[in-house]
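You will see chain A twice below: alongside chain B first, and alongside chain C after that.
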Partner chain A sequence: MKAYVAKRILLFVPTLFFASLLIFGAMRVLPGDVAARILSDEDQAYVTQEQYEQLRTSLGLNDPLAVQYGTWIWSMMNGQFGGESLATREPISEMVSRRLRVTALLALYTIIITMIVSIPLGILAAIYQDRWPDYVIRIFTITGNSIPNFWLALMLLLFMVLVLQWSPPLRYRPVWDDPTAHFLKIIWPVLILAWGYTAFMTRITRSNVLEVLRQDYVRTARSKGLHEIVVLGRHVLRNALIPVITVAGFYLSFLLSGSLILENIFSIPGIGQGIIAGARERDYPVIQSLTLLLVFFLLGINLIVDLLYKIIDPRIDFAK
Partner chain B sequence: MSILSGILRFARRKPLGAFGGAVVIFMITIAVLAPVIVPADPYTHNPSASYEPPSWKYLAGTDVFGRDQLSRIIYGSRVSLFVGFASVIIGTTVGVVIGVTSAYVGGKFDLVVQRFIDTMMGFPGLVVVLVMVVALGPSLLNVTLAIAFNYFDKVIRLSRSSALSVKEEPYVLAAVAIGARTWRILTRYMIPNCLAPVFVLATQQLGAAIVIVASLSFLGLGVQPPTPSWGNMLQSAAKTNMELAPWLSIFPGVALALLTFSFAVFGDALRDVLDPRMRGT
Partner chain C sequence: MRSTNYNLTPITAAIAGEGNFVQACFDDETTICPGFAESWEVNDNFTEWTFKIRDGLTWHDGAPMNNEDFRWWLELFISGYKVGDQERLPGVARGQFGDIASVEAIDGNRVRITLNSPDAFYLESLGMHRIPIFHAKHVFEPAFQGGNLEAAPLELGNIGAGPFKFVSYERGVDVVLERFDDFYGTDDAGNALPFLDGLEYFIMSDPAAFHAAFRTGQLDVGARGARYYVTPEEVPLYQQSLGEDVYFMEIAGGGGAGMGFNVIEGPFADKRLRQAISLYVDRQTAVATLLQGNGRVRAGFSDVRSSNPDFMEWPGFNPDTKAADQARARELVAEAGAQGLEFSIILPDTQVQQMEWWVGAMDGLGLDPKLQVMDVTAFDSTKAGTDWEVSWGGGTLDLGTPSSINFQYGRKSESPYASIVHEDTRIDEFAAEIGTVTNSEDRLRILREIEQYIYRDEVLMVHSVVGLNLVPARGYVQNAKTAFVLNPPTYASYQYAWLDK
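After this line comes the complex of A and B, so read on.
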């Protein structure tokens, strides 16, 4: 057990290192260089060689690649997060502390709603396998899986404006400042994300419950005359829901991909909006740092979920 | 004859999957025949017909420039299908070769490949594509490459795991025993026997790729206007007053949702038929 935990944590570091190299590398293979693109974006008719060199030096582009990489990683670790945004001059550390909270809340609400909805639905679908509740739930999950998030968002906005004559509040407010405005703003992307997430989790729950229902110990429990509710609660669900937790962690990266676009459509000032704005402005320090941060959190959460899984389910073979 | 009866049997066993397959074939036909079947030129501006609601003349209405939306949707299917198929073909080919080789050769190469997959699985899919498109610049080709890159790690993972079991099969051991070259073993014995699950994954990825390219174009980072794509049509619809011309944001999305839905149900049905172990998951 200890060896497994140690191995898993040790693997986390090279994986993160590899990720940082990929992101760093991608930002350096740009056709043309960053400085030239920044200058061409500014409304200056004529740029001297001197200004160009000055900008390159101030961006650290004249340093050897290893030094640039080292500087960046060091600033990621000491909380500077790669300096400041090229577009807005805002320190990235401030941007992170402001935006991370919003995305974390968005993800949290989505996860809560998903868990409340998907587990009962999955169980229901399994119990009534191939009967009408299963079919209704299946339609709900298939549509949730295949309607593109961002179009669903557009349709929701359109519906609210045309039919309800109502739009969400213009500005995002923190929960403690103005709870009503906060929820009226953030609930829409949450519902859309939760639909896709629920679709996925319901399918997983259903297939796990189905598998456990076929086990011998369930037949034994039934044959000794236990009430069906006791069989389900004590024997089936306990065993069926464990794998569901791991998959929940795995899906988190889909969740964040989705929030990337939805934050933009519903103008929620989270990490996703920051990355997209950075991508549009070619704001390299911002994309680089926010992306690595996102990957860091995802890898971290997956690690924790993985370890939890092994703790909850003692049947897992640690030698593997 | 046997192909036809095979298709009929598939349709009887999996009606929804067969429906998906039919829609996909229909969309491909439309995309190929686009120049012949469009009612109007998708690029021609017609200021006198700006914001026409759907009618018999303009089945899906017109946009601010008076361009016929149905024609633009039909041309947009070309972008979706091209990126979908091209990225899946590239990703699958590269992924299978790396995955199977990695399983067969083992050793340090396999270790590096495994670390690489672990890393890639840590990235949110859209972020990988986004970073690559920003690095390479937005264009049809770069978007295709970025989506293929975001997908081939999954192919490696899947083909590697099936190759690990195929490697122990008697026919591979026999090939090794008679002294066949590594390259021959890989191409003749290993790869063909690892393809079934990869094929299923590829079908499901087609739908995902189409959503990603639409999402990117919607964010302004994919296919650039005036080339019509469903994503950038939705983007320009969202930018103008949506409630003024709701048809602009409805129809391209319907086409997109229909195609991804079709790929999803077709892929599921295919998986049930080809890979009984994964049935019902």
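After this line comes the complex of A and C, so read on.
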């Protein structure tokens, strides 16, 4: 087990390295740069090519690519998370610290709601397979899987205005400052994300529970006269949830990408809003650093999921 | 008062003041009024401008503000700053301050600006744009001397001397300002400005969320910017939500788009093809399709009142001769041997709708235009080069200064961001001529000559329509004003606003 964990952690390094090269390369392949963006600001018209080049030099954009990459990657390693934003000059470490908390909360709330709702729904749909509860749950999950979350967000806003004559608070507040304002602001993207996530998880749970329910050991447990709740809890769920955890980790990556759009629509100052703002400004260090951070998290999530296997299913032997 | 905006311009103006030495008059934006300078004098050949700074001015942190602050700020902007071998570069927009030879702080709390060449409209260069005095010497100089040559107002507390003091900025959330009690301004009755206790700008990265917030009563004034404007179709929806308690301020501009040609290389070096496009397109249809009837055909000026009085009679502009114009356009294409010519138009992704109109309007001409859409940053870089045939960007003559003429219409070798690729020295001559005139009539005459040369005679550019954009405000917001000034990027001024509720 220890050797496996060590090996997985060591694999982080080359994976992150290749990811960083990809991210850095992609940013340089795209045309345009932050200097052009700054200079094209309508407040700062009438610039010459010389001034443009001066700005590029001062921003380090005229340095050789290897130097730019080295500078960036070193600042990622020494805790500066890529230095500072070229557009706003905010240190990226501060930006990460400020925005990560928001996105982490958004993801946490989504996961909590998803787990609370999807597992019971999945079990219910399996138990009542092809009966009306299953049909109702299927409608819920199919629509949840099918509707793009950005469209849902816009429809939700429209519904609030037209029917409720209400819209989310303008100002995002941290939960510890003003819990009511915090939840009134963040709950909407959470609900939208959770619907998609729940729909997916419910279907996975349902199919796995159905499969396990047909296993011999479940039939044996029932024939021994165990209460149905005990059969479900002890014999069915424990086995059915192993693949659920796998896909839950996998789906978390979709959750993070979905939050990019929704944070923007609902003005939630998280990582997603930061990446989109950085992309608009072609702010290389910001996009590179925040994207690499997301890659890091996804690798971490995958590792945690793998390790959870062992805890949930002791039969798994990493040595083999 | 609660507002929002897509850029920092109105916030900067609120903190640092809506001008510098001078500013656009509140009641007549085409006229210059005193700003931090209470009066000015100029020598006979318009090269030496002397401004008397108001006495008793203070910065928001309580420090006195005098002529030396103005001299230092202007020097910083046009020359940069050096500490040892480190250098802070001059402001990128320094050209807007004209061709300055020297800036001096002289006795009597005055500042003297000497120009290298005469400029009778120099006050407009100072007052008709939005580069306010936002770099206090007593704040910035210690930072520079401490090695922070890239210091920006935000990191040094946003100390200005305008009507509102900076209170806080929570990134991605909001900017809060409060009334500056020692602001110099007064209204006509002598009441101290500003009237509002403060302003709060909410950062709303998506226009849908902005419209929802406004319609549910969370905002007092709207925002400027594409998709943040209220369209004519949305007006009834706003009124459905807010009843009569909402009105709409008009900002002219946008809505249509123009195109500039590469007249040195490629097919549009042939003037007949440029003329053919200008003749063929029916600009009136753009008023209907792009502006829902809320705008009008334009040529070189956004404010069509400044255009040549007969510009609607020009070939291609006159709706009454459109059929004949279109027939002639097809002949020109045939004469040029360009039937079926495929060409590309570069444009930023924010202008797709406007430029699709051009493609549709050329249907039947015999040319085959393709849109080459790119994001704004890529577009800026591409346009700065010469490797394109046609580019989005129709220019505007409204600014009317030599630098604006050169910037928008100048030769590519001198002006990389111009929307035309040409080396026609006639444009240089026009710009130089503008710099020598001393009265508004002569200036307008020359600007109209430029308009005729560029948009009719040589067809270096073509333009379509100009719209009227709507910025919403609640009924109780009094005296907020969107200004249509010579500088097109206008914004709502809150210096004189108050809330009647």
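Methods note: the second predicted complex is superposed on the first by the 280 of 320 C-alpha atoms of A that agree within 3 Å, B and C clash if a C-alpha of one lies under 4 Å from a C-alpha of the other, contacts with A are read in each partner's own complex, and residues count from 1 in each chain.
FYI, contacts are C-beta pairs under 8 Å (C-beta built on N, C-alpha and C of every residue); 3 or more make two chains touch, one makes a residue touch a chain.
Everything numeric in this text was worked out from a predicted model, so none of it was measured.
Engineer: Is A:L55 in contact with chain B, with chain C, with both, or with neither (first, second, both, neither)?
Structural biologist: second
Engineer: Applying the touch criterion given at the start, work out whether A:L154 contacts chain B, chain C, both or neither, answering first, second, both or neither.
Structural biologist: It touches chain B and chain C both.
Engineer: Who does A:L294 touch here: chain B (first), chain C (second), both, or neither?
Structural biologist: The first partner, chain B, only.
Engineer: Contacts for A:N264 in the overlay, against chain B (first) and chain C (second): which applies, first, second, both or neither?
Structural biologist: In the superposition, A:N264 contacts both chain B and chain C.
Engineer: Classify the contacts of A:A6 with the two partner chains as first (chain B alone), second (chain C alone), both, or neither.
Structural biologist: neither
Engineer: Return first, second, both or neither, reflecting whether A:I304 touches chain B, chain C, both chains, or no partner chain.
Structural biologist: The answer is neither, since A:I304 touches no partner chain.
Engineer: Please indicate which partner A:I276 is in contact with in the superposed arrangement: first for chain B, second for chain C, both, or neither.
Structural biologist: both
Engineer: Using the touch definition from the top, say if A:L170 reaches chain B (first), chain C (second), both or neither.
Structural biologist: second
Engineer: What residues on chain A does chain C touch that chain B touches too?
Structural biologist: In the superposed arrangement, which is not itself an observed complex, chain A uses residues 30-31, 154, 157-158, 161, 264-265, 276, 280, 282 for both chain B and chain C.
Engineer: Spell out the residues on chain B that touch chain A in their complex, using ranges where they run on.
Structural biologist: Answer in residue numbers: 115-116, 118-119, 121-127, 130-137, 207, 211, 214-215, 218-221, 234, 237-238, 242-243, 246, 249-250, 253, 256-257, 260-261, 264-265, 280-281.
Engineer: For the complex, which residues does chain C have touching chain A?
Structural biologist: These residues of chain C touch chain A: 2, 7, 9, 89, 91-93, 95-96, 130-131, 150, 152, 155, 170-174, 202-206, 208-209, 211-213, 215-216, 218-219, 241, 374-382, 384, 403-404, 407, 415-417, 489.
Engineer: Which of the residues in chain A end up touching chain B in this complex?
Structural biologist: 11, 14-15, 18-19, 22-23, 26-27, 29-31, 142-143, 145-151, 154-155, 157-158, 161-162, 203-204, 207, 210, 253-254, 256-257, 260-261, 264-265, 275-276, 279-280, 282, 287, 291, 294-295, 298-299, 302
Engineer: Would you mind writing out the residues of chain A in touch with chain C in their complex?
Structural biologist: So the residues of chain A touching chain C come out as 30-34, 36-49, 51-52, 54-55, 58, 88-90, 95, 98-99, 153-154, 157-158, 160-161, 165-172, 264-267, 269, 273-274, 276-277, 280-282.
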